[in-house]
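Each of the two complexes below includes chain A, the first together with chain B, the second together with chain C.
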Partner chain A sequence: MSALRRYFRPEQVRELVLVFLIIVLALFFGTQIRDYYTGRTFIRISTSVAIIVVVAMGETLVVLTRNIDISVGSIVGFTAYFVGTQLARHNDIAPLVAVLMAIGIGAAMGLLNGILVAYGKVPSILVTLGTLAIYRGILVNYSGAKTVVANSLPQWVINLSSMNIFSIGELDFRLLVGLALAVVVFFQLMLTYLPYGRRLYAIGCNPDAARVAGFPSQRIVLVAFVLCGALCGLAGFMYLARFSNITVVAAQGMEMSVLAAVVVGGVSIFGGSGTVIGALLGATMIGLLEQSLIRWLVISEFWRRALLGLLILLAVEGDAAIMNRLRKLWARSELQMAPKQENQ
Partner chain B sequence: MFHLNSNLKRRWAALSALVVLSLLLAACAAPTAAPTVAPTKAPTVAPTKPAGPVKATPGKAVKMTLLPKFLGILVFDQTHRGAQEAAKELQNPEPLQYLGPTPENMVAGQIEIITAAVTQGQDAIMISNGGGDELVPAAKAAREAGMTVVFWDSPIPSGEGEQVFVAQVDFNETGKVLADMALSIMGAEGGKFAVISAAPDTANQNAWIAALKDVLKKPEYAKLQLVEIAYGMEQAEINYDKTLALIDKYPDIKLIMPITASGFPSVCKALQDEGYCGKEGEEPKVVTTGLGLPSELVSYTMNGCAPKFALWSFVDFGYLTYYTTYLLATGAIKGEIGEQFEAGRMGTYTIEKDPTREKGLRVKMGPFSIYDKTNIEEAAKE
Partner chain C sequence: MARSATSPAGGRNLLLGAWERLKSWEGLLLGVLVVIVIINSLQAPAYLSIRNQTNLFQLFIEKIIVALIMTFILINGEIDLSVASVMGLAASTLGRLYELGVPIEAAFLIGLAVGIACGLLNGFMIAYAGLPSLVVTLAGMIGYRGLAYILLEDRFIGNYPEWFSRLGQQPLIGPFPLALVIFFVLLVGAIIVLQYSAFGRYVYVIGNSREVARYSGVKVRRVKMALFIVSGLVAALAGLLYAARLGSVRGSVAEGFELDIITMVLMGGVNMYGGAGSLYGVLLSILIILNLRNGMSLINLTGHVQTGVIGVLLILSVLAPNLARNIQATLNRRRMRHLAGTLSEAQESP
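Right, the complex of A and B next:
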């Protein structure tokens, strides 16, 4: 047992629990839904989660610093609409330019959030609640009641969402899913190995200590918001590719799914704890639940949302109870080990 | 020193919180425009009672507000265009206000705008109801304040607080048109199909679904099997996911029927992405029909994903709504059963009891336009 404790941290146990829960859910729905274990189910869930995962990565960075960004849905919607309009007007924009445009706009919106939070010293929930409404308002005004429609977009955008990186039999691995996974891997490495990544944890764990230690807290928080915005921009582009028909309500309410993914994935809302792999697992679990519930014949439209909410609550509550217990176990064993370490 | 410092900081924080709050408020209040407070002029009633349809007297000052379900949807923009055309024709010196809530705030925002219109001394308001009976108290208050309250596109289900409802088409006819299109696409052997609606509580879509179900009871439609009504909540991602879920749930489903124009394109995109229709040289496995906008669906009609669908002209709809409201507000018509009036280029209309609701008066526009490969490219230019 103590050997186990030395190799696993409570956070890793939590991720294993999530993996276990995902498997249990998949086994359960396998008995309920016809033809569940097919490549098709994998495609449905993976593609529906891809966009949420990218935004959840950005949200994780912000939440780690003990902040929150609830304007993400508006940023995704605005970039999707703006880039869509530009592509509809100028069909010859190069793909890379379009992606960079989306990331740039997202980053600029994140920058405004970041400046107000880090340098304006306004609580992030207030700032992003404001920008949530402001960015959506700008979109409504900018749109002039027009929608972006698929047939005005260049063909490569429309085809992007059905493009495969590879496929094994029935099982397609879509390009957008690959992109989302690349983002996860990149940010997992960044958070684990780069000084900037470690500082995010430090600030979230104990902002005062981080300041005393001489960390440029404000800049670190600012960069977290900019990165979050940039990822929302990328997600906005993915949104455009997937749905191609963009109205002013694009990605409205996405902040809820994203926050649910992040919290279920074990990223602490009090900052300083959690991993992007956890957020990925959280998003996967919620995506699996959502996609399976709308295919489950037993449950009606009206109960689906309530059940989803209940399951998320159970997951978070259960997780909190287990985590507390685990933390105590770990802490106790560390106490026992502590004097020995001092002697060494 | 330390205390002073932290006090200052706290004050700065409070100040910036205030700034953000006021920004937020400004953003929320944006759709309600500048408060042009002016006394309401009592509309002068024309004493003469001419025989035949009533004609509008142009040039009267009537402050009118057009209130769609929410801003940012093409069909409502077209309605606005039609209303502006009528306003120009009627030489109303007061500019037409076009105000709407943001989408996430549909019903609450509409109530706010109606209430604001009363205090601003507007003479008339034209509303597309974004909910059910939630708007009744606000609409009643507006009526009591002497305003003309006309609904269009989506009525108050109970008919309370509403003077007249301008209906785009006969709601019972909608059921028939939808069933006929499904029948002509699926053929005599029929099959399974599903409806995708906007939300569980939108008045107009619910009336159409009820009408469709009624029509399906008739023997000639016996082979059409409506398996589910799903709701896309006017959001691309939900419409998209629900479409694929329907296909997975009912592997032999033949047709998906979105009855909300804003959700239609996402349904087609989902089918096309997953290879159910629109593949060159392949017979489509699942197709769509329903209510949609030609300009948004032209590519899907051409590639076979949406071979046939219907809608009415939203420009004409705005034009007729404006005419009706102007006539009511100027007192030329009273809003009674049997009154006939002339609506400019569109001809003569009659106020009748709404046969699709228990209470309420109706002006019916109609007819449906049916779009397919032969006429869509022309229609898409509008």
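Right, the complex of A and C next:
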């Protein structure tokens, strides 16, 4: 037991438990759903996870600073719809321009959130509850009750969702999945090695101490919201590539899956603690659950939301009760180990 | 979201200052209300008739009823995002039970009990497990709505007994339907409890500083628990009244109502961090939102756009006082600097 303690931190124990749960879930659904272990299931789940995880990265940055962004669903929907209509109107827009347009629009929406939170000093929950409605309202007004249909999009967008990077046996890794993994690796490195990443943790841990230490807190929070918006924009583009048919209610309610992914992945809602790997695992679990529930015939897919709510509550409750106890256990064992080492 | 209890020196001055600020905020609300009403009545001549105004209230009566208890919770320094989902869950429970052949009276009571159960769960997590209300009720908002969807999936449940539908639609006393009567009773009760009772004082004290309240012997946990249970009960009641008014129930009943409800309360001058605010301000802001929504319908704005406008109001109602305070602070600082400058000049010159 003590050897175990030496090699793992409590946070890693949680991540291991998540991996274990994901495997259990996959095995369970394998017995319940016919033809579950096929390439198609893998593609479906991995693409769904890819979109959730990109948004979850952005949400992680915001939650680390002790804020929250619940407008993500509206930003994803807006960018998907807006870029979709632009591509439908001008079929000759270059792919890179389309992606940059999506990221830029998302970043602009994140900028508004960030300014209101960091400089307007309005609590983030209120700002994003408001912008959740505002962005969706603008979208509905702008759309004029039309939808984006696959026929009108240029061919490369439609092909994008079936493009492979590589395959292992039957398992195809789509380009979108690769993109999401690149995002995960980038933000893992950023949070671990770049000063900006460390400052996010510092602000979330203790905002007053961070300010006294001379960190430009407002700017750091602002940038976190802008990055979150930009990632939502990217996810919006991926959403467009995946579904091709976009209505005005696209990605409505996505904030729930994303919040569940982040919280289940161990990013503390009180700020200052959490890892990118955790968020990735959380997103994987939520994506797996959502996609499998749709095809599981025993209970209706309407269970999805109730389960998401329950998972968030359990994860937060577990964080408060179990993780604190684990951390104490670790701290105590370190105390016990200290005199032993002196004797040697 | 660091909660800072601002308490500058001088208790009496603080009280007076808060009263002045509130008075001016309420004055501003009154002005806005008058402007909206004038614009609306220019658009439609029958606007100010009692029937139209009663109709107005009736269209939003469920949200208004919940806004009353939300005022208590926000003044207490907490938030309840789950109210709309509790409304939906209570209504869906009624629909499902009625579908299974349970008499409507029993289904109504069980719907109320479900609301109390939701409030108990929220309250326990917040008051005794010590979790932030934001997270608990966010999970509740998602989870309770999910339960409502499980109960009804995508079906409509209608065809209630005639008296039940009439309850929601027909006038009961004079021109007022039952829901409106309930609202006025609750309003009077809420004003008495919040402004004139010991419990109301506890709500403010806890909102100002939880620590101070605890050391003064206020049973903080019990007050919070009571508030969330009542919130669940009132939300369930509102949900059931909504079902009676609509005449049919589905899983998505009252979805998104929390935005309007919280906006009503915050725009009424209730402090997001607790400790300040009054029901009079909330009442004014309710009237503003009712008339504004009605006016927006008059000029044919769709529901999503209306919700967007409410979102703008929500942000502005917190942003505007912040900005005003910032500007005042800058002005004060400049005045002090100016004063210091003239003083030092005066000292140097002789």
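Simple rule for what comes next: the second predicted complex is superposed on the first by the 301 of 344 C-alpha atoms of A that agree within 3 Å, B and C clash if a C-alpha of one lies under 4 Å from a C-alpha of the other, contacts with A are read in each partner's own complex, and residues count from 1 in each chain.
We take it that contacts are C-beta pairs under 8 Å (C-beta built on N, C-alpha and C of every residue); 3 or more make two chains touch, one makes a residue touch a chain.
These figures come from a predicted structure and were not determined experimentally.
Looking at the shared chain after the overlay, A:302 reaches both chain B and chain C. Look at A:243: by the touch rule set out above, it reaches chain B but stays clear of chain C.
Judged by the touch definition given at the top, the superposed model places A:149 against chain B, while chain C stays out of reach. Within the superposed three-chain model, A:31 lies out of touch with both chain B and chain C [touch as defined at top]. In the overlay built on the shared chain, the residue A:161 is in contact with chain B alone; chain C does not reach it.
With both structures placed on the common chain, the touch criterion links A:122 to chain B and to chain C. Using the contact criterion defined above for the overlaid structures, shared-chain residue A:130 touches chain B and also reaches chain C. Looking at the shared chain after the overlay, A:316 reaches chain C, while chain B stays out of its contact range.
Common to the chain B-facing and chain C-facing surfaces of chain A are residues 116, 120-123, 126-127, 129-130, 133-134, 136-137, 139-141, 248, 302.
Those residues of chain A that touch chain C in the complex are listed here as 66-68, 70, 116, 120-127, 129-141, 207-208, 248, 256, 259-260, 263, 269-270, 300, 302-310, 312-313, 316-317, 320-321. Those residues of chain C that touch chain A in the complex are listed here as 1-2, 79, 125, 129-132, 134-136, 138-147, 149-150, 153-154, 251, 256, 258-259, 262, 266, 272, 302, 304-312, 314-315, 318-319, 322-323. Within the complex formed with chain A, the residues of chain B that make contact are 9, 12-13, 16-17, 19-21, 23-24, 27-28, 30, 70-74, 76-77, 80, 102-104, 200, 229-231, 234-237, 240-242, 244-245, 248-249, 251, 262, 265-266, 268-269, 272-275, 295-296, 298-300.
Within the complex, the chain A residues that touch chain B are 33-35, 40-41, 43-44, 48, 116, 120-123, 126-127, 129-130, 133-134, 136-137, 139-141, 143-147, 149-151, 158, 161-162, 239, 242-253, 290-291, 294-295, 297, 301-302.
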